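Below is one structure, written out as structure tokens; comments come after it.
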Amino acid sequence: MLMGQILSLAGMFEGKHVTWMPSYGPEMRGGTANCTVVVSDEEVASPVTSQAEVIVAMNIPSLLKFEKAVTPGGYLFINQSVVDREPTRIDINIVKVPCNDIADALGNLKVANMVMLGAVVEKTKVVSLDSIFMALEKKLTGGKASLIEVNKEAIKKGMEAAK
Amino acid sequence: MAERVLVKGTEAIGEAAIRAGCRLFFGYPITPQNELPEYMSKRMPEVGGTFLQTESEVATINMVYGAACTGTRVMTSTSSPGFSLMQEGISYMACAQLPAVLVNVVRGGPGLGDIQPSQGDYWQATKGGGHGDYKLIVLAPSTVQEAVDLTVLAFDLADKYRTPVVIIADGVIGQMMEPVTFPEFRNLNTLPKHDDWALTGANGREKHIVVSFDIDPHVLEKMNLEIVEKLRKIEANEKRWEEYKLEDAEIVITAFGTVGRIAKSVVEQARKEGIKAGLFRPITLWPFPYERLEEISKGKKLILDVEMNMGQMLEDVKLAVKDHARIEFYGRMGGVVPTPDEIFEALKKFLNV
Amino acid sequence: MPRVKGKIEIDQERCKGCGLCISVCPMKVIDFGEGFNAKGYHPAEPKYVEKCIACGFCYNMCPDVCITVYREVESA
Amino acid sequence: MAFQVILKRPESLTQREFTYCPGCTHGIIHRIIAEVIDELGIREKTIAVAPIGCSVFAYQFFNTDATVAAHGRAPAVATGMKRARPDLYVFTYQGDGDLAAIGTAEIVHAANRGEKITTIFVNNAIYGMTGGQMAPTTLLGMKTTTTPYGRKADNDGYPLHVAEIIKEARGVAFLARTKVNTPQDVQKTKKAIKKAFLAQIKGLGFGMVEVLSTCPTNWGIDPVSALKWLEEHMVPEYPLGVFVDKVGDEQ
Amino acid sequence: MAERVLVKGTEAIGEAAIRAGCRLFFGYPITPQNELPEYMSKRMPEVGGTFLQTESEVATINMVYGAACTGTRVMTSTSSPGFSLMQEGISYMACAQLPAVLVNVVRGGPGLGDIQPSQGDYWQATKGGGHGDYKLIVLAPSTVQEAVDLTVLAFDLADKYRTPVVIIADGVIGQMMEPVTFPEFRNLNTLPKHDDWALTGANGREKHIVVSFDIDPHVLEKMNLEIVEKLRKIEANEKRWEEYKLEDAEIVITAFGTVGRIAKSVVEQARKEGIKAGLFRPITLWPFPYERLEEISKGKKLILDVEMNMGQMLEDVKLAVKDHARIEFYGRMGGVVPTPDEIFEALKKFLNV
Amino acid sequence: MAFQVILKRPESLTQREFTYCPGCTHGIIHRIIAEVIDELGIREKTIAVAPIGCSVFAYQFFNTDATVAAHGRAPAVATGMKRARPDLYVFTYQGDGDLAAIGTAEIVHAANRGEKITTIFVNNAIYGMTGGQMAPTTLLGMKTTTTPYGRKADNDGYPLHVAEIIKEARGVAFLARTKVNTPQDVQKTKKAIKKAFLAQIKGLGFGMVEVLSTCPTNWGIDPVSALKWLEEHMVPEYPLGVFVDKVGDEQ
Amino acid sequence: MLMGQILSLAGMFEGKHVTWMPSYGPEMRGGTANCTVVVSDEEVASPVTSQAEVIVAMNIPSLLKFEKAVTPGGYLFINQSVVDREPTRIDINIVKVPCNDIADALGNLKVANMVMLGAVVEKTKVVSLDSIFMALEKKLTGGKASLIEVNKEAIKKGMEAAK
Amino acid sequence: MPRVKGKIEIDQERCKGCGLCISVCPMKVIDFGEGFNAKGYHPAEPKYVEKCIACGFCYNMCPDVCITVYREVESA
């Protein structure tokens, strides 16, 4: 969810039209909490989509639920550390990133999502790394400011992993 | 220019209210609008305002009534079942002509329903959920920025016309984050004081009373006529709507709020496939822009009304369009949000293409 | 007085790994298992079941009613 | 030697004639509230919240700013006012249908929040306004228009002890039960009401007085007998007393 | 033939309910319908039924919900502010598909209003006072005899369609005495038992549940669609109205309930003066007899809608009549009952005679 | 020698998995209610009324006929059922937002009428379902999503003592406050619940048990610590005890 | 009010269409409680009328309030014992009956209204005396049955007074 | 101790003839008047006002606030 917000913020800094739309309610307990981010040069109309160009699956349930929603030719990012299944689609680009392993190596499991974010940015170029860093600094303030560095590191590692 | 920030719809409404000079919020938790009271519980103490979590929506609306009696800007927020519980109090406020802003983040209904986005409370909001002759101004934003702007407008209209104003949103608008620009903080001293009627202590003046009651039907009728006159004035001056690509449109989609914005994608999609579609999006659900829609509808191939309900605004669309054009309806219920694709499919089906 | 001999079974698919049973078992019979269940929790396991005295504490505290408690009796 | 006025209509009443039935003690309670407001010098900073019940017209009688709350919701309305304008004094005047039936949640929570408002609760064991139906406070065996065979605990429940319930709310700063069927009791009631206002003025919390009152019309007896009936039937069920007093005796 | 007796409207409804097999009444006092609970408090013990005075209208409607869950005939009665307080519960009942009969003896509003006769709750009753997508069957009697007949019908429709049915009356119908003939007592054993869904103890069968809720919007949508389908069935089968001297009429008065009967005098008066007037009186306010009114309206000189409100049924009249005929409205508000004379004057004014 | 089952899932629970968070004691309370229903042999004559709150799904968990009442109105719904079918046994299961906030009037009056129903009141000092807002029972100083700076008496009022209030209602036949943070307390709670059912079965009146329960998720601590937190923070504010017992000890 | 109900009942026994419509609410305390009775051979449409053919004023407030409502040529009955004012209309028939005095003479002040009823029946012949007596017997049952005789007597006296 | 001398006035147009003042006056100062007021009640009258001791009982019990009580004082 945070990943999505950072992405949206970064898009906003670039003057793009963005929306971030979470799923909410009891699904949160079900483990498939997710959000939809639309970053677009045009005015954003529908924040809900049945299809998406880029989908990120951080765990198995999410993979099962959302795999079918990737538009043909789109991207499916998979957290390889957790998801030990193979996706079934062949008409899409599949990017596997061992997010947890990389994050673990950085000494903070919580930045797994930032690793993934780096991978997404690298592959899709939807926003620039600078914007992402700006967004990160905007989002992590106060006590959390100390985490900025490790997050940046994670993003960079993610980018590398996806190259 | 003010900074753009990325915020959730519910929180954006809260911040906008504070900027509009609201320093009083009463509310009872209910999904999917909890972020708004939660935001207020944090923010109000920061700006010297008061947030009070009430014992129920019935108590809430009566606290709002009490605060409004003093001429103070006040607001509440709830979701569908809670809004139903407020109906008695809303009717009282309408009759006593009390200004306030009421937010309803509509969820799937009826009954307990679910907590997903819905537009099932259109009738309740526009046709009087409470008893008696009255109407409330009802505003329906379709973006987070519009939610901000309409919140400020809501307070101003409430004060101008001495009436409760409803902001009707849903889980999409409420939960979504979008970049917005907030207006400046209103100087509290410039807010209307309502010295001529508000209950502030009969200090050196005749006592004031605020009531929704007269035992004599002829007097009550006069009170009613006064309200009706006010409503006519609002109808004359406050109709708001958006027209999108209607200039050359052969097909008009009518939709409000969340569906209004989804419908824009449909318009684009349709035009890509050579179908000249446009969108008519009422922003004030009451007063409903009947005249403009009637005008627009003349000579159109199809009016497609799309809502997240069984066809509620549809009645107003029919009242406007009469026999001028064919009207069709596409709706989803129970908290299901239609996608642009499915609306477009429906449109094509109605057009037999 | 001879110690009562007990036994428990835990429905590991129902278990949410809350650890309440573990925290109340006087005989330290129970501990978390290594693996995950389908829900993604480390379920509780009766690791030292031979120590069980059938006191029922674990059963009583299990919020998900995963535990069945047995007691040894003279066979009929 | 000359005569000097010692007791006369208080300033805090308007000139309007009460709409109450002859001998209804609502009028007495109105007067002593007005006297208390006079004595405390707060008329110009006070808002009255009338209920729905026979005293719905109280908004016309008190010479203060005033409103009528929806049935039972006066404590919520008063809360809204007080939160909006903590510098004003707000009181509610409520009947036993209003406060003890439909308004149960609102009074319990206003008390529990320690809302700085004052409530005068008029317990006449009946719904006066609507024509004599059973109230939660109606006595067992009492005939009303909705208990034509007398109130039966088994079907209709028991007389509700409001003061005893409210005393369990931690925000209460003053709470008493009094009656107004003798001149002495009227004076005691007045003192209690004053304390209930002082609880507010001093910012101590919620103040309430439950006043046992008559309804000659719906009890079906004459006003003088009603005073006696109150004593003989209501007092045993509803014991008088001060339940909470954080105001103290300085005044 | 059964004996004719002279009874008040409210009491007539009470006795009719008992004859229809209703043995449970929950209610909270409010003028002008107190005679109905008072009658029930006397009568229910005589027939082995239960009368319970509740702590509020909110409690009332939820008790009705509870009783209806068991498949038992149950009713309540209130007046406008009380009906507003019931809206949440009504929405729950509509969604859970629970049968019950709800009487609203409408008084002047909005707010506390007054206690005189009014028709200001038409919108609330027909357009959904509560949240979400639903409709209730709404019956509007115009004589005491009709109140009796519609009460019995209300119970039967409620059971047939598993829905709350509203009887909407006002102080005139409620307080008026007229001679009526009561139907025979229904044999309680012949009443519908609702064995397939009612909560009666899971004795030798699967458990039953009655809910207005599903967390999954797609399931909730299915529940909604089921209800919509039922509503379409009701629309197809249950529209009721009265036509009075319409055969040769050039002018149609539309009016319901009390005004419907007053309008009959106007029709007479008009005809005496050579104006060919007739009356179209909807008996089911929902489902509203749109088609029939549309048919009738064609070629008419004037449709004069008369109501004791600011023009609520008027919207339905417009939806039916569209552009087929000129529509005018005459209304009184706040509890004022129009006299035949003033309506006739209004009619003449509109006709320029 | 052989092993015999001595404790297992009661009949009166369906096979559905609870939707509660790990370690939430709602589940324990469900189980003991089901055991009581089993032991009393009334499953086939019982209706469960679920509230709105985390336990809204209780209608799926109890293997009895069941409904969900509007938020706070379970006692009214149960009243309607019981009056319609006095031969059935009706119980409500309610949270502290449901019962102690919005449902205050309904519970007070059901108790006061001596309605022959049973209420299990789960006090976890928070609104679980909606994401951890303040409940009337939230402790002073406690941080919730609507008291981000901690509950302050002055603005937010005091923890509400429900059992103490309900004990003032004359129709109560059994009333106790218990907790479920140890196996012994779970057994005590079960006994109390049984008595609350017996009050109904014997036609003595209204029966209620207030159960102190945990909400690890919204308290923000792990399930085992939550048991301790309950003991250390809730018990001092909410003293345990039997407030009313007309059932006696024969069972 | 009772007078009106008896009249309505009597009308009903004669197979006529009748309605009885009371005023209600706080007016009851104001002293001008009144009811409108319509007895007609045709179906009764409006139970509320601004004009009436027959109006009965038992006290001064009622006279003041309702005098203007009598249709020209109609009847205004006045309880002479209480109303010491003269009506101002000249286009209507005015009948004065000293109801209280007559009732007093019968030893029961409460039957003043029955005296008036007698007068109304005599003058207007709206229903027959038999029907009125039937209605009376229907209305006064149980403990009140003993009052039937004095009521009948009062009606007869009223008829005489109005002759 | 010399008896206090008092006096009362009754606003007879406001009076509803309830008799509460009469019932509590210790000196039997008050009684119903003969005539009717505009509201149609027999209003209370201070018939034996010379007996009044200015105790205020009547004032305290009058629900319609019709009574003014005076007390004799040394003239200034």
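Letters are used for the chains, namely A, B, C, D, E, F, G and H, taken in the order the chains are written, and counting of residues starts over at 1 for each.
What we mean here is this: a residue touches a chain if its C-beta (ideal position, glycine included) is under 8 Å from a C-beta of that chain, and two chains touch if they have at least 3 such contacts.
Because the structure is a prediction, the values reported are computed rather than measured.
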item: Touching both subunit C and subunit G (chains); value: none
item: Greatest separation from subunit E - chain, by CA centre; value: C
item: Between subunit D and subunit E, centroid-to-centroid distance (C-alpha), Å; value: 38
item: Whole-Å gap separating subunit B and subunit C, where each centre is the average of the chain's CA atoms; value: 55
item: Inter-chain centre distance, subunit B versus subunit H - centres from mean C-alpha coordinates, in Å; value: 60
item: Residues of subunit B whose C-beta touches two or more other chains; value: 31, 50, 52, 55-56, 58, 81, 88, 92, 96, 112, 114-116, 211-213, 215
item: Residues of subunit C whose C-beta touches two or more other chains; value: none
item: For subunit A, residues contacting two or more additional chains; value: 25-26
item: Of subunit B, residues touching subunit E in the complex; value: 58, 80-81, 83-85, 87-88, 91-96, 106, 108-116, 118, 120-121, 123-124, 127-134, 211-225, 228, 309-310, 312, 315, 318-319, 322-323, 332-336
item: Subunit H partner contacts - residues on subunit D that touch it in the complex; value: 1-9, 13, 17-18, 20-28, 30-31, 182-183, 186-187, 216, 222-224, 227
item: Of subunit E, residues touching subunit D in the complex; value: 28-31, 34, 37-38, 41-42, 45, 50-53, 55-58, 81, 112
item: Touching residues (chain side subunit C, partner subunit F) in the complex; value: 7, 14, 16-20, 23-24, 41, 54-57, 59-65, 67-76
item: Residues of subunit B that touch subunit D when the two form their complex; value: 24, 26, 50, 52, 54-56, 58-60, 62-70, 72, 74, 88-89, 92, 96, 199-204, 207-213
